[in-house]
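Paired with chain B in one complex and with chain C in the other, chain A is shared by the two complexes that follow.
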Partner chain A sequence: MTSKSQSQSTGKPKTPASATADLERGYRMMMLPAVLAVGIFAIVPLAGMLALSVSDYHLIRGTNWDFGFKNFVKLVSDKRLMNSVYAMSILSFLGVALQVLIGAAIAVGLSKIVGKWRLGRIFFLLPYAVPHVAVALIWLSLFTPILSPINAFFDLFGVTVPSFLTTQYGALFAIVLADTWTNFPFAMLIILAALQGISPDLDEAAALDGATRVQTFFYVTLPLLVPAFLMVTLFRFIDSLKHFPMIFVMTKGGPGRSTQATNYYAYIQTFQNSNVAYGAAIAVTLFIVAAFISFYVARLNQQVNS
Partner chain B sequence: MIDNTSSYRVKRALGTTMMLVLLFFAALPTVWVLIMSLREQSVMFEPFWESPLAVTLDNYLGITRSEFPKALLNSFICAGISTLLAMIVGVPAGFALAKSRLSGKFYASWMLLLLRMAPPVGFVIPLFLLYINAGLIDSYFGLIMAYMTLTLPLIVWLMWNSFAQVPDELIEAAIMDGASLGKAFILVALPVARPGAVAAAILGFLIVWNDFFYALIITRSSTVTAPVAVMNFISYDSVDWGSIAVASIALTLPILPLMLVANRYIVQSLSGAVKG
Partner chain C sequence: MKKFLSTLVSTAVMVGAASTSTMVSAADEINVVMFGMPYTKGLAALADDFEKETGIKANIDVIGQDVFENRITLSFTGKSGDIDVVHTPVIQVQRWVAADWLKPITAEVDGLAVKADIMAGPLDAYKINGEQWAVPYMAATGLMTYRKDILEEAGVEVPQTWEEMLAVAAKIHNDETAAIAMRAVPGQGFNMFIFPMVMRAYGGKFFEDYTAGDLTPAINSPETLEALNVYMKLLNEYGPQGAGNFNFAEVQAAAQNGQIAFAVEGTGIAASLVDPEKSKFADKTGITLPPGGPAGRSPAIAVHGLGIPASAKNPELSMKFIEWAVSSETMTKIALAQPFSNFTTQPVADNADVIAKYSKVHPDFLTVQAEALNLAIGHYRPLLPEWPALGQAIGENINAALNGLMSPEEALEAAEQEMNDILGN
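On to the complex of A and B.
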């Protein structure tokens, strides 16, 4: 502590050091209810999940108190788990890629629009407001051949649209499309905000230096958008690991097991096969993946904020 | 002007076409659900352009006589109360996390993010077993408590970001003037962070309103929320598409204004990380 700050503190009842300590105690009191609540509502269930994952708990048979890592050993050789990871990967990578691409394209398009058409962005925002169950039901209707206006439209030209939901990749694609429809506005919002944060002076400077519009876009604008792209991709990717309503409503994991993504597979094992311990082990595995990604996001966030 | 070259005009036309195609993709399901909701039951499976006048409000009237309005009310109750509780606990915590010099704040931010990102199936399995044994299945109390696992980490995180943008000097000046920390929080910091608080409450409400998974597992009949109740229009051998369309609209309309208000905060909720 410098002598200056000491001289400032003379005449006050408390030294700065003890005032700071008081303040910190106050802050901790304000955190306490949230810490307790998070402890009760989140940490307790998580601890329960960990305990279940190393148990042999079965919804009907109960438990023999036989603890061990055999659920995790079983995971490694479970073909259905591998199948679920494959389905999840397709849903995640394809879905996120499409959402980011479409979101970026619309953001770039909208950023060029000025005047009264600016309100047009509301039309692009609308799908984001529709709850996922409704999204899934609407797309289920569009993929139901006897009902869908798309099928009826192509029938006019004698073209029969195949039934997507009855084939493996068709069903995966249908879910990707529904997911893309409702989530591209998220990517659009973030990228649009980043675009608007770029000073127009930069574009002008590039133009003065003789850069074409395309060059300006690729060498000036795009590099400045990288943080936004990274954030959108990470957040959407993490969300896509949680795929549930669309699978439940549109395909029920089918045809066969081809759209049983991992989160859905954990649900099937737990609530349909009553194999709670095994379902918990799958959930723990997913949780570890989420822990790694969120650690990376938290670090990224810290770097940008400091 | 270079801008009037034909290659520029071609590119412009391509860009406009692309935007129109994407607009069609964005609008088609919305328009289709409106059409479906107005179709007569008997012509549901005919192309709508063949019987454009077979329009009826029966689907809308039918919904009001079903269990669905009660489910919408349940959704309101659960989303409202769990958001309110999370705000009461989470707003002071967000302020404290933003302004305290506590070490280990990075780990707090990691944990908040992880709780938001963790697969819900991990929370639901232990909760389900607990609720079965405690008789909390299909109770408002149980459902609202379960939703706190969704709202609380989100609201603390958002409020942390909001309060981080309130200048430290404001708080310090208030405390120098003799205000207690509580007063500095309520009278100085909170008014500045109010837009952020409104956004946090809206986003908390939306996350519960949209939930399907928790409600599917821990509700049965009396506390069923709207996203789960829609599934009642699908029976083993038939699907009531007209009612599904109306229910989808009813699920979306109440939150549409919230979404329009909140959309710019969704960007901010990812904090400064996207400022580029």
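On to the complex of A and C.
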């Protein structure tokens, strides 16, 4: 429309090259609102966080706006940070591994189901639709012995289920379980989509060559799923670095500081201890870790594809 | 470069603050941000009354406590001016004043017609450096509920001290009904709202001499150790399974389900346990002061009020709202509509309907509450800007000891060390 009206006004027909250039300019203009939105609401706060992390911004002690890397130097010797990295590693590695494995197993199962039973997929997606705070409240009840139907059931047989949330590894495990319950559908969905993208011809060809179904799965299907596995692991891992609602609702970081993952520790430094600059330094470090992992996995993905 | 970086920080914080709020104050419109409590919910329900009386529209936002912290921090640090009246817990006010987040309102409060009606203690709690920073609307205290039937059956009296509580707990504790539950999860508003009641009863203290201004940490003392051992023994040996991760909701549920005999809690929860509409064991439940010890009895206290942010654009309208919100008329309406008995506007206590309502909940309720408030010391939890950080650190160590991650001696030593670190000693 634009190029037509322009050519009418100038009276000269447009060359294909200039028409393409016009179109491209149009597309760029269409992208402008999104670019501006990302710029204002993502890039500026991120740059601000970087600046905060090298500042001395403290809500109570006062701020001289001295900039330097002392927050990052302090990070290295902060025992509480090391403790939080340990908790985060357990929550992230164990949680993501369980989510991907369970998601993949269910995806493989669901991919074999045809007909109206395919609607059953919705059932497995439900946990993903529940808000995280609600998920945390559900699992807090399940792990609180006096409220838990699981404990009540085993009590009938005289079996006492131990209290998970009052021991270090029990509490970590409880959070992993809650996180897995709500996030495995994401892994399932991506892997199911990848499975459906694999041509059935490959299975048939393998069968013709005498491969068993197990062999076909491990030597044909699974290698084709690697990019999907990499992507889902990456997404889930980055998301798992942001652990917060489960911890806040289920344990408040306890027992002691056992479940204070790094993101939660940054919250405590910023909002309880008023040390905004130090909290930002922790957040920046987490961001660098996430960016590094993304970059590495993206490269790995490229290698696999090529 | 320094200027560029500090501008960048301010811009980023402002963008963050702006993105958290879509509300913009108009001339005859104010935004009130509070966290969920019976009073705040009751107040939100009366917003139309305020508009009818004054012509000012009040957008009352009642949000979760965790969201509240983030919301106001972004708004205040970004000076976005999108909050006109803010819920101001007394435990935070020192920190907010230190951070220049609040507007002093001494002259405005002095000019309030309702000032004479407001209880002096809670009002004074908001006085820092000679200035008034907020107006209180409630003062919650610590109370103990007990199951009369269980005590009668065991032939024991209501314990007056924590020592007696240990003896009674040993007699009544069984697999069906545990003796006692109290908050245990770490946090200045969680285990550190309850544990100081035990600590102070044994003569334990946070600082060498808080009232004289000697803020040398002194939590690692034989008195606090004795108190911690009692607290741990009560919860670990005579508490329900999993008591080491209980917060107020679990304590309340355990009492409402008849799974515990004693609960030491704040006014709101304690009131719900003796209210026949809220607990099926209410008719068998008594209410009294929390136990004391060699150093006396020290019920917890938590005052909440309303303040005006330093960045508020129209403080006159904010003040009009506060005056309405703490007036006898508004308070009485909320006290009748909500489980809200711990109001700080005195004439509400004389209202016949209010007296009738809370006598029906429990005949002793209002008198026990008044007695507890009289015994409570204002600095039950130290009124310092650093308290949220101190309370968090101490609470984490107390919880670690309770759950066996460290010994009580190690926990108090670590708590004192961390107090020193936070205070920069």
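One rule holds in what follows: the second predicted complex is superposed on the first by the 265 of 306 C-alpha atoms of A that agree within 3 Å, B and C clash if a C-alpha of one lies under 4 Å from a C-alpha of the other, contacts with A are read in each partner's own complex, and residues count from 1 in each chain.
Simple rule for what comes next: a contact is a pair of C-beta atoms (placed from the backbone, for glycine too) under 8 Å apart; a residue touches a chain by one contact, two chains touch by 3 or more.
Please read these numbers as outputs of a predicted model, since none were measured by experiment.
Trainee: Mind checking chain B and chain C on superposed chain A, clash or fit?
Mentor: Superposition result for chain B and chain C: clash.
Trainee: Once chain A of both complexes is superposed, is A:F271 in touch with chain B (first), chain C (second), both, or neither?
Mentor: A:F271 contacts both chain B and chain C.
Trainee: Quick check on the superposed pair: does A:T167 touch chain B, chain C, both, or neither? Answer first, second, both or neither.
Mentor: So A:T167 only meets chain C here.
Trainee: Thinking of the overlay built on chain A, is A:F67 touched by chain B (first), by chain C (second), by both, or by neither?
Mentor: In the superposition, A:F67 touches chain C alone.
Trainee: Return first, second, both or neither, reflecting whether A:R257 touches chain B, chain C, both chains, or no partner chain.
Mentor: In the superposition, A:R257 contacts chain C only.
Trainee: Looking at the overlay, what does A:I102 touch: chain B (first), chain C (second), both, or neither?
Mentor: In the superposed model, A:I102 contacts chain B only, not chain C.
Trainee: Would you check which partner chain A:T233 touches, where first means chain B only, second means chain C only, and both and neither mean what they say?
Mentor: Neither partner.
Trainee: A:S111 in the overlay: touching chain B, chain C, both, or neither? Say first, second, both or neither.
Mentor: A:S111: touches no partner chain.
Trainee: Is A:P45 touching the first partner chain B, the second partner chain C, both, or neither of them?
Mentor: Both partners, chain B and chain C.
Trainee: Spot which of chain B and chain C makes contact with more residues of chain A, would you?
Mentor: B
Trainee: Counting clashing C-alpha atoms after the superposition, which of 77-85, 167-175, 329-337 or 401-409 on chain C is the one that bumps into chain B?
Mentor: Clashes with chain B appear only in stretch 77-85.
Trainee: Overlap the chain B and chain C contact sets on chain A and report the shared residues.
Mentor: Dual-contact residues (chain A): 41, 44-49, 52, 57, 146-147, 248, 270-271, 276.
Trainee: Considering the complex alone, what residue numbers of chain A touch chain B?
Mentor: Per the stated touch rule, the residues are 20, 23-24, 26-28, 30-31, 33-35, 37-38, 41-42, 44-49, 52, 57, 102, 105-106, 109, 112, 120, 122-135, 137-139, 141-142, 146-147, 149, 152-153, 155, 181, 184, 186, 189-190, 193-194, 197-198, 224-225, 227-228, 231, 235, 238-239, 241-242, 244-245, 248-249, 263, 266-267, 270-271, 276, 279-280, 282-284, 286-287, 290-291, 293-295, 297-302, 304-305.
Trainee: In their shared complex, at which residues does chain C touch chain A?
Mentor: By the definition above, chain C touches chain A via 1-2, 5-6, 8-9, 11-13, 15-16, 19, 66, 69-70, 73, 77, 95, 98-99, 185-188, 190, 240-247, 250, 253-254, 257, 259, 385-386, 388-389, 392, 396-397, 399-400, 402-403, 405-406, 422, 424.
Trainee: In the complex formed with chain A, which residues of chain B make contact?
Mentor: 15, 18-19, 22-23, 25-30, 32-33, 35-36, 44-45, 47-48, 86, 88-90, 92-93, 95-97, 99-102, 106, 109-111, 113-123, 125-130, 145-146, 148-149, 152-153, 156, 164, 175, 180-182, 185, 209-210, 212-213, 216-217, 227-228, 230-231, 241, 244-245, 247-248, 251-252, 255-256, 259-260, 263-264, 266-267, 270-276
Trainee: Which residues, counting only chain A, touch chain C once they are in their complex?
Mentor: Answer in residue numbers: 40-41, 44-49, 51-52, 54-55, 57, 59-61, 65, 67, 143-147, 151, 160, 163, 165-168, 171, 248, 251-258, 268, 270-274, 276.
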